[in-house]
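Several structures are given next for inspection.
Both complexes shown next keep chain A, but they swap its partner, so chain B is in the first and chain C is in the second.
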Partner chain A sequence: MPTYLLRRLGQSVLTVFLTLTAVFLLVRLAPGDPAAAYAAPTASAEELVRIRGQFGLDRPLLVQYGIYLRDLVSGDLGTSYSFHSPAFDVVMDRLPYTITLAVSAIAVTVLVAVPLGVWMARRADTRRELGANILTITGQSMPDFWTGVMLLTGFAVVIPVLPASGFTSWGGLVLPTITVAILQFALVSRLVRREMTTALAAPYTTVARSRGVAERALVWRYALGNSAVPLVTAVGTRFAALLNGVVVVEVVFAWPGVGSLVVRALETRDYPLIQATVLITASLAILVQLLVDLLYPLLDPRVRLGKAA
Partner chain B sequence: MTTAGIPTARTGGRPSAVTARDLARATATRRRSANRVKLWAGSVCTALVVLPILLAQLLPLPDANDQELGARRLPPLTEGHLFGTDQLGRDLLSRVLHGGQVSLTVGVLAVVVSGLIGIAAGAAAGYFGGWMDAVVSRVLEAQLALPLLMMLLLVVALFGSSVTVITAVIAVAQWPEVARLTRSLVLVEREKPYVAAARVLGLRGLTILARHVVPNVVRPVSLVVLLLLAQAVLLESALSYLGAGPERPFATWGRIISDGQDYLTTSWWLITLPGLVIALLVVGVNLLGDALRDGGGRTSRTKAAKADGGTA
Partner chain C sequence: MTSDAALDPYTPGISRRGLLRWGALGGGSLALGGPLAACAGPTGLPGPGTLTLGLTRSLVSLDNKLNQFDAAVTVQRAVRQALTTLGPGLKPRLVLADRFEMTEPTAWTVRLRKGVRYADGSPVTVEDVDTALRMYGKVNGSFLLGLFPELPEVEKTADARTFRLRTERPVPILDRLMANIHITPADANKPEELQSGLGSGPYRVARANSGAGEYTLARNPRYWGPKPPLETVRVRYVPEESSRVVALRSGELDVVDTLSPDAAEQLTGLPGVSLERGDGVRVCQLFYNFRKPKNHPLSDPRVRQALAYAIDGEALLRDVLADSASPLRGVVPTNLDGAVETGSFTHDPARARALLRRHGADNLRLTFMWESGEFAGDASVMEAVADMLGDVGVRVTLKQFQPGGDILKWRQGRGGDWDVIGNGFPSPTGLALTCLQGMYAGTAEKERTREAFMGYVFPKIADGIEEASVEVDDAERQRKLAAVQKAIWDTWPALWGFVPKTLLARRGRVRDVGLLPTNSYDLTAVHLEG
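== the complex of A and B ==
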């Protein structure tokens, strides 16, 4: 177990490191000058040179990379060009909002999609199940920015019951949450349905039923319990993906999270901020995946970490 | 009693107790009919969007970029403008259809490219195993952990938003799905007797893989590709909504919606209608892909179902 954990941590660090290097090279190889984006439009050529020197962008690429890694090891992610404060702090200010949105969206997804999937498994291959299936597929097929704007118009403009944008009260969380969750229903409910259909047809279900186990316990404890590993994997992966990428929904709702931050950082060519955002969100997502893996033995005693697979 | 179906099972004198009613209620029958519903609904939705897009040049529509400032924001069904006009007096239907040409082209190209990369990488990893499998599997894992949309935005923002860049970016985003499926199918296929026979005949590994193994897995893989097309269309529209879509003057779906957003309260159709068109197309393609994957031939169905670890 400790060896397994160490190996997994090593792999994670390697993945993050490779990502960082890729992003570092990508932003510098691409056309576009941060100094020009930073300076006033009327800035002279000397002014631009001075700014580039100030940012350390006039040094050779390898030297820049070396300095970047050295600072990184001592916990310094650089200073954001546009916010004039440490990039780490800028991202950390925004992170709670993204995490809040991701957690609430995943919670709604699980609360709706798991019972729905169970219901679909018990009514497998009926017209109603087909209807539910098509409905969730429709949810998955609507562009999230469009759903967001439509919900916004419906519930903030036409019938003004909820705040339109930003995070001024907890009510502001409702519309973004729904927008994100609609996309996830199909995936999770279908997975639950598939696992549950198999579980309900398994011999142990028949045995349990013949021994008089109540149908409710049979479905929710026996069958769903045995579907826990794939379910937690899927939900964990979705959650990690949400931490990384609710960019579109954040932009639509002017949500002050990391997603809208990254769009702004890209526009202003804010290298340290781009790098810090990718570093922090990627590490977070990888950490979530690792935690999910560590959960397996708790969910299913047959799983031994670090063996085979 | 004369209607089509299973005539023998209905007559009273038959020895079998299985009636046509029982057959109609059997799980397999119901599953097949559910599949047929999906197939039909999917085809109809897809055709409703794709046919007009393909025929956009032939339809009697104003040019997508013809501005008529006197006819700004006309509501739908106005004379000559089925979908109305936008903030610059351009015909919305024409813009949506021409935008659709860009979106579909990008989507199809991206899926073809990601399909080719995915099949090649997945097949090599599955067949040869060893270090090749290790490398491909690591890359797949790493990509799952990356902030995907962020990376896509990064690449597009930095390298410009030409159709080529966008297509490449979407293809790179999608190949892991294909590779994962191909790899798992090839792992099964590799152990079959015909592969051993080919090896005994003295064929080289690459030949066996390309000539004998890959043709056997292409079909189930190609069924998943439709689902990827749906995702590609959504991804492209999200990118252009964020301002990272193909450059003007192309009218892309995402940009039509982001441009129309400012007029939402006064001119609902500017974003409602384009959004509905996107949703209709993606629903159609998703249903079609679903139906084909679940019901596409006996062998490929079981293969795809077995190997399908959370696609769609």
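== the complex of A and C ==
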């Protein structure tokens, strides 16, 4: 187990390192000049040269990369060109908002989609199941921009019960959470439905039922317990994706998360900010995946981490 | 004593699975607990004395050395002040100074107002002004710095409050230019955009999250001037226009600025919402590329004029821009001080076709480029113009750049060839002169480093602007400026142009906004009703 953990941590570090290297190179290969984006439109060529020097962009790419890695090791993620502040601080200003939204959206998804999936499995191939399926798929098919604006118009203007934007009260979390969660309902509920249908038809369920195990325990402990591994994998993956920000939802609800931050950083060619955002969100996403992996033996005793099947 | 459990060989100790369970729980808590504990809680609902502004762009700092867009100025000036400001009619008004007058052609005598102090009670000093000028001068890439022909030096006098601003050559517009230099305590000023620090304005920063673009300003209890009517001003960054409109309608935001024509249409006539509009100080033009070879048709002003006849400006303003802009009747917005009407764009496609044929340019193929968001409805305007030119036999290729791309390189003629650029140019000084200097004062020397605006180099015009810029006699300067503007118009620098109106929406309870043509307003004048 410790060996497995160490190996996974090593893999995670390598993944983050490769991601950072790719981002470092790609942003510099993309068209655009951070100095031009930073300076006034009337900036002279001389001024642009000075700004490039100020940002260290006048040095060879390999030297820039070396400096970046050296600073990274000492915990310096650089200074954002557009915010004129340490890039790490700028990301950390926004990250709590992203985590808040991701946690609440995943919580709502699990609370709604898991019971819904179970309900659909127990009513597999009925008209009611078909109706639920249509509803969730409709939710998934609606563009999040449209869903967000409709919810805003409905609950902030027509029936003004919730805030329209930002995080001025806890009510401000409701609409963005629902908008994000609606997109996840179909995926999670259909996955639960599929796993539960298989589990409920499995021989061990028949045996348990014949031994008089209550239907409630049969469904929620036996069948759902056995469906937990794919469910946790799917939820963990969605959660990790949400940590990278939900740009459209953030824009619609003026939610100050990292998704809209990285878009702005890309527009202004703010290399340190792009790199810092990627580093922090990628690390978090990888950490979540690692935790999901560590949960497997708890959910299924047959799983032995680090050993081939 | 030994417990029974310890003797029982079947009582599990710390099992591998148990260890794993607790390890995973601990790891999970560590991973998520920390960030969740740091999760931003709600910032709280605004009180009745709170004005909430929704900005289109993120206000990353309350310093204006680099971050200077219209609405930002409104907020920045509530915290940090300058010696002067631009008031109604774009006339300079004294703020931290109670005297600011030209006493020699190359010197202005300034006296700091008695009792002006920062939010911590410390006085505003001449040293602070001197340091501020030096710090602004050291910032790379500043738009403000480009407005100053030269930065003045501070000369102290025997009186602690009085000093002279000395320049090498006359700068007769220094009182307006100094409205952009915000004064900060000398020891806290740096040659960069300040993230914190004190100001002498009516408000102080109570809470700031520059990463999220959110600020809360509270009334400065030590403000040297009259007590401002608002208790608190909240500044929020709401990038999406439809969200700003919804937030205004729901009463969550009190003021939203820089509205597009579409948003204005949605808000018109809504109960509890009022619109304020006025002529702006930004000129938007479809500017020709003046780096064309001499034998290129666009190098001939008659061809440039002929092409202008193809454009139906009225239709563009009415149908595409939904009356959110005024026609351009000069080479800079005519509401600027010193600007004159020099002519207007006339729509006459038959004449355009005939003139193009006469000048051997009846089969032109042109490339238009612009950056997204350069002006409201940019893509629609460009498409409509291309269509109008198509009607006179000119084929147009449109090239749109995303923000942050290489457009500067193209503007400077380093990216490749093009013919017309959609471009906006502001005049935060309220003066025609600074606009003319920025756009039309190109010289051969400047062009060597590609600093001439779109390659526009006309030595006589550059000389005329230079002469006007050092003319200390007001009437004579206006006369010189008028003459040079007429000369510029005759070169047909633009295919078409317009002046976007400033457009702001506010809740009914917000009074006395007093929107200026610079698209900013004085927060100390604003008050809330009810």
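The criterion applied here is as follows: the second predicted complex is superposed on the first by the 307 of 309 C-alpha atoms of A that agree within 3 Å, B and C clash if a C-alpha of one lies under 4 Å from a C-alpha of the other, contacts with A are read in each partner's own complex, and residues count from 1 in each chain.
To be clear about the criterion, contacts are C-beta pairs under 8 Å (C-beta built on N, C-alpha and C of every residue); 3 or more make two chains touch, one makes a residue touch a chain.
In this text, all values refer to a predicted model and were calculated from it rather than measured experimentally.
J.: Have a look at where A:Thr153 lands relative to chain B and chain C in the superposition and call it first, second, both or neither.
T.: In the superposed model, A:Thr153 contacts both chain B and chain C.
J.: Going by the contact rule set out at the top, does A:Val27 touch chain B (first), chain C (second), both, or neither?
T.: So A:Val27 only meets chain B here.
J.: Using the touch definition from the top, say if A:Leu294 reaches chain B (first), chain C (second), both or neither.
T.: Only chain C is touched by A:Leu294; chain B is not.
J.: Report the partner of chain A that touches more of its residues: chain B or chain C.
T.: C
J.: Which partner does A:Leu187 contact after superposing on A: first (chain B), second (chain C), both, neither?
T.: A:Leu187 sits against chain B, while chain C stays out of touch.
J.: Looking at the overlay, does A:Leu261 come into contact with chain B only (first), chain C only (second), both, or neither?
T.: A:Leu261 sits against chain C, while chain B stays out of touch.
J.: Let me test your reading of the model: by the given contact rule, A:Gly75 touches which partner, first (chain B), second (chain C), both or neither?
T.: A:Gly75: touches no partner chain.
J.: Touch test for A:Val251: chain B only (first), chain C only (second), both, or neither?
T.: In the superposition, A:Val251 touches chain B and chain C alike.
J.: Can you list the residues of chain A that touch chain B in one structure and chain C in the other?
T.: Shared contact residues on chain A: 31-32, 149, 153, 157, 251, 266-267.
J.: Show me the residue ranges of chain A that touch chain B in the complex, using the header's touch definition.
T.: 11-12, 15, 18-19, 23, 26-27, 29-32, 124-127, 129-130, 134, 137-138, 140-146, 149-150, 153, 157, 186-187, 190-191, 230, 234, 237, 240-241, 244-245, 247-248, 251, 259, 262-263, 266-267, 274, 277-278, 281-282, 285-286, 289
J.: List the residues on chain C that touch chain A in their complex, please.
T.: 16-17, 19-21, 23-24, 27-28, 31-32, 35-36, 38-46, 54, 58, 60-61, 66, 140-143, 146, 192-193, 195, 209-214, 236-240, 242-244, 246-247, 249-253, 402-409, 411-412, 438, 449-451, 453
J.: Where on chain B does chain A make contact in their complex?
T.: Per the touch definition, chain B meets chain A at residues 27, 30-31, 34, 37-38, 41, 138, 141-142, 144-151, 153-155, 157-160, 230, 234, 237-238, 241-242, 253-254, 257-258, 261, 264-265, 268, 271-272, 275, 278-279, 282-283, 286-287, 290, 310, 312.
J.: Please name which positions on chain A make contact with chain C in the complex.
T.: 1, 31-33, 35-48, 50-51, 54, 82-85, 89-97, 99-100, 103, 149, 152-153, 156-157, 160, 163-170, 172, 251-254, 256, 260-261, 264, 266-269, 284, 287-288, 291, 294-295, 297-298, 301, 305
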